[in-house]
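Before I ask anything, here is the structure I am working with.
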């Protein structure tokens, strides 16, 4: 099942690398504040030895089972979480307004002057769980696999900008990555720090069937955890890896982690309340209120600005687009200049007017606000960059205010008036009527669509809603086979707007066929600008330009509410993930629930 | 005469039906002297089988109603007995064999087990003893290779054979009274004779009293000491077998005899009693036979005749007989 | 006393001791009153909605015609109870149906079921009057509020009125049940009569297919079909109905086949053959009508099971696509809110039970009427 | 007996092949397949071909049909496109769980159905009879998924007496003694087992009632009573044994319904069985898994019928197959 927000490319990219992220958690409500845990602060957790060995069991409720633990080919969300925990990561991501990387398996790395080459030094003495040391050969092997079309790795984009033959192995613990050109440094560092695969074990494996290799279910690993038991569709048990050779502070402090596969939200919630599970994600606002009131033992965390909803307006006429695409088959960079515009959404003024007619505050109030505390679990969105990336997010953009009168005037100026008196605006005999599609199985979007439908009706716009099964929905977005769509993105933590906003038909996430030469230019400049400050300025400009054009009606960024039993201290639930980094979690001796 | 083994006094068994109460047995009186055989004769629906089932206590209630009367078995009134007491008698002191040997045995159990069941229940035998005794009983009833037959299923046996099994089953607990409800009706004539023969022999061996129910007067002569003729839920004539055959009194009995194909009879033509047995839901007033009776008069319509003695051990319930109008 | 029914249909029956039919009729009248009270005040706006609210709608008109029709039916029944129709030999020509009718009337549970089915159908027809709100309109009440006056079944997470949704759901679920069963009964009759009439290889071939489909778990087969064709737009109400119809005919074909097998040995068929009538004519005119009664019995039971299967499909998200409210889909919606709004799951489920139960009662009654020997069997 | 079994098995082969053919045709008719997820617009055509060749999708349909059939008949279920593991392995992980659930359901179904039906027959037209009749009809008309949700609502949400999902206690199971483990499994089986079986049990109760009523009218029941057997013994030993015979035939017909129901119940109770497997395979269009599941389902149905047939001959001495 798909998650609410769909952006596989970025979700996957995010979970492929790994590490520790000391973002302060934001406990929800008075309860959590009053019950401030006796954390010693991140990085100062008691060591395993101080605790007298790993303690207790953490039970995580997860919606779906993992599938394949081979890092170069995995696709399921659960896979990424587990891979992150059972492997010592190449670099340690930290998130504070922006994503940065600290050393971990990579002891250090140095960029050359023009940021096209990086020399990486591996930490010595880190072993695979079978006792073999991790060396440059493993890293080299991993990138060889990613680049090999036979493997069909979903991560092929990682090597897209690397020079052929990269990385070069200097010695057993030194490598050099070479790039065709420089781009955003964090992204480049993400691209070099892919979770390594064991060369000695897999060098002779058949690459065409790598997904089917036993490694996918029973991997050799480098991290503090190992997979101790895996019953499909039931549970996965992680236990401390006794052969772990990383830093002492990174040793597992919890005796067992059980990932319990519970496809039903209601079941996950109930088991969290009953104490049968200790962690559940994506808690609904109403349930969060009740948990706060009735279950002081459950601490609620907010993962800020993790995903957003928006309305996409397709600027091209689908039929004509389809025909022209046939003509341009094989041309990578054909532009949409000669494609017929959509009669409604092809016009910028009309899109802006529609945005004025949608009351985003009401949406947030109805959909994402606690009825008890009045707390809003959302924030207005003005771009596809998450506000969490506070250095790059353009905070100066003033969100379009809800103003149906102005909207109506704007539409009249654009030629849309109700000439036949049927309550629906029209122009040249065409009604201002369209279908907005959204994916089925998402109550929030379903309700949002209905609210917007009513608001648009007030200014004489007739909108029909079509709920489509999620896979088909995404497919149609990519094919641009729609008029308007209520959809969403997960926050990408690498700043790169190319996929969504650059014109050119190869960018498959540019669902709206947005085409603005100025924005194209800004994006091209930005991605090859290594200087962070200048880079950020360019991105901000691009965001402002895009917002003026309103290719989307940007709605809101949402918090994800995660409930964790309060006995777990230093539980890192942050924008990166709810439990991607379990090694810091610990339980004080007096609060241990499951004793062996 | 010593105490009869079974005596019925004014026995009434009714049934609650959708459209009223069917008085299937409505004031039956007769007695079976110990060690002798009483035949109850009557058309279908005359209540003779219901009487037998009442004695066994096998009338399901509802829809049956035990409407009154006494069933004195060795002086003890079974009608007043509770279910446990009745059960102790049933199959042990009073046993019964039925009309349909083909369906009266449970198809899924071996015949030996079915015979042994009662033995284990009433005689407290172990399974092995019961099995042995079953073989013995099968032998008694003239089944060849009993030790082999005992392990067969009913469907592997013929009708006559099954009736022998039924008899073996009934006699296995050495009952004081055996009720045989038309045991030979469903069998063909040669087998019929064999079964009757067997019953006579066994009665001598076991000293059992027999209540023999039949609609076949020809059979009655072969087995009975006494005969009771039933009509519409009542006994209309009661006599010892010789008397009854020599001098039947009740018009109905006479009618029955006349409808009998008798090789000794000079008349070649069979006479049939006109009309049908009245519905037990609505018996005619007075004498229940009057609608079919050539001798009926106003008194027959107004007053119900009761059994009156017309000779030693011979009673008849008929106004015409009493008045000598016959 | 019987003419009391003219004042209030059912009263005549009731006074004469016919409690079931009396109460049934009075229930219908109750529905009519309810619809009138709840809906007639809104009649002008329902029938002639202003253009800005979507303009002309068929549903309220259907409801109005139904209202008049149901009223006519009630008073007609009451009238006929008072003055029975004169015996018309033409009407009662087919003794099979007359006997069925007579036997059915005696069967109290069956009649009970019939009334229940009627109530459901009438409810569905009158829904635009009875339902206080449009099923998809949000914020007609606070979200997730418990059942209360004004929201008889509470509201869902969007503040939609659950009672209205369930009522409109009845229309969809019942229509799907009826149409799908009509398809499968027709198909099954076709297959069964061909198999039974022609016998031989045709028979064994068709029966092999029947057995094959019967040995498959129906829901799983349906899931596979809908799943496969989902991306090709299979998830429309039309396709769901067709697919349900195409996978439900096996029982009917078996019944019809055995009926035809016994019928075709009868003299009148032999006579038809001797007359040289074409086969299709013998089948259509002489055999099928005589084999129809058990098909109808089976169909009334099949409607129940079809409603169940459709609900299961919707529950798995592969039924009629949202926002159309079918009962199964509402139950599915409610799953996320089991803790905060259990009524969302409870009420549509109860409606499914009630509907299926009514059809089962009706079917059982019809079967008993058709063949008293089968009493209590199924 | 052996010859009969053999004949039955031989007769079942075309049935199984027919099912596979049907599913194959359906898959062929449907657009798209599981390999779609490997492709992005940038995937070079040669890679696309490579992947398609790997899954044999480059061959024409009739060739693939022959290959699929051949493989299935030689016990090779192929590999899942989605999980890239042998389908046989995947099915074998799920199958025992479903069989466990199915067995539990059959037991509950039989126990409840036969008991209630017998009570009804013995107390015909009494209040127990009508009461159970109404209750049976109620449960018979109930969607299993709704019952499952209601059971969950009442017995795990409102009054948490029973575990709400899964097969075992995910945390404590490893630390339990074997006895406690069995108890734990039983506890987890109750709700899904009940949800899956109650509607069927109601059906069986109705059948049992009429069957036993039929039997009670038989002469041999009168014979048994005439022996002086206590009534319960008459009913249980002589009545039920015979009344159960037709029930056994129905038992063989329950399996398709059980599998249909397990799709729903397994989803609700997070039971890692065949039902969930096939649903997820359908959602991901994982053809080899779908075909494998249908193959196993059909085999089980055929086996179920055969077992019912043979069982019938064991309990009814009149039936002897040859």
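As written, the chain order gives the labels A, B, C and D, with residue 1 at the start of each chain.
Following the convention adopted for this analysis, a residue touches a chain if its C-beta (ideal position, glycine included) is under 8 Å from a C-beta of that chain, and two chains touch if they have at least 3 such contacts.
Here the structure is a predicted model, which is why all the values come from computation and not from measurement.
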Partner chains that chain C and chain D have in common: A
Chain pair that, of all pairs, has the most C-beta pairs in contact: C-D
Per-chain CA centroid nearest to the all-protein CA mean: D
Farthest chain (mean CA position) relative to chain A: B
Centroid spacing, where centroids are CA-atom means, of chain A and chain B in whole angstrom: 92
Averaged-CA centre spacing for the pair chain D and chain A, given as whole angstrom: 40
Interchain centroid distance [CA atoms averaged], chain B/chain D, Å: 54
Distance between the centres, which are taken as Cα means, of chain C and chain B, whole angstrom: 56
Shared interface positions of chain D, touching two or more other chains: 152, 157, 267, 283
Multi-partner residues of chain C (each touching 2 or more other chains): 231, 335, 338-339
Sequence positions of chain B contacting 2 or more other chains: none
Those chain pairs that satisfy the touch definition: A-C, A-D, B-D, C-D
Residues of chain A that touch chain D when the two form their complex: 1, 57, 59, 67-68, 75, 149-150, 152, 156, 208-209, 211-212, 216-217, 231-235, 256, 258, 260-264, 266-267, 270-271, 274, 276, 471, 506, 508, 594, 596
Chain D residues within the chain C interface of the complex: 14-15, 18-19, 22-23, 26-27, 29-32, 137-138, 140-146, 149-150, 152-153, 157, 203, 206-207, 209-210, 213, 256-261, 263-264, 267, 275, 278-279, 282-283, 285, 290, 293-294, 297-298, 301-302, 305
Parts of chain C lying in touch with chain D, wherever the complex brings them together: 208-209, 211-212, 214-220, 223-225, 227-229, 231-232, 304, 308, 311-312, 315-316, 328, 331, 335, 338-339, 342, 345-346, 349, 352-353, 356-357, 360-361, 375-378
Sites on chain A touched by chain C in the complex: 264-266, 269-270, 273, 284, 286-287, 290, 366, 421-424, 440-441, 443, 446-447, 450-451, 454, 457, 460, 465, 467-469, 471-472, 475
Touching residues (chain side chain D, partner chain B) in the complex: 218-220, 222-231, 238, 241-242, 245, 315-318
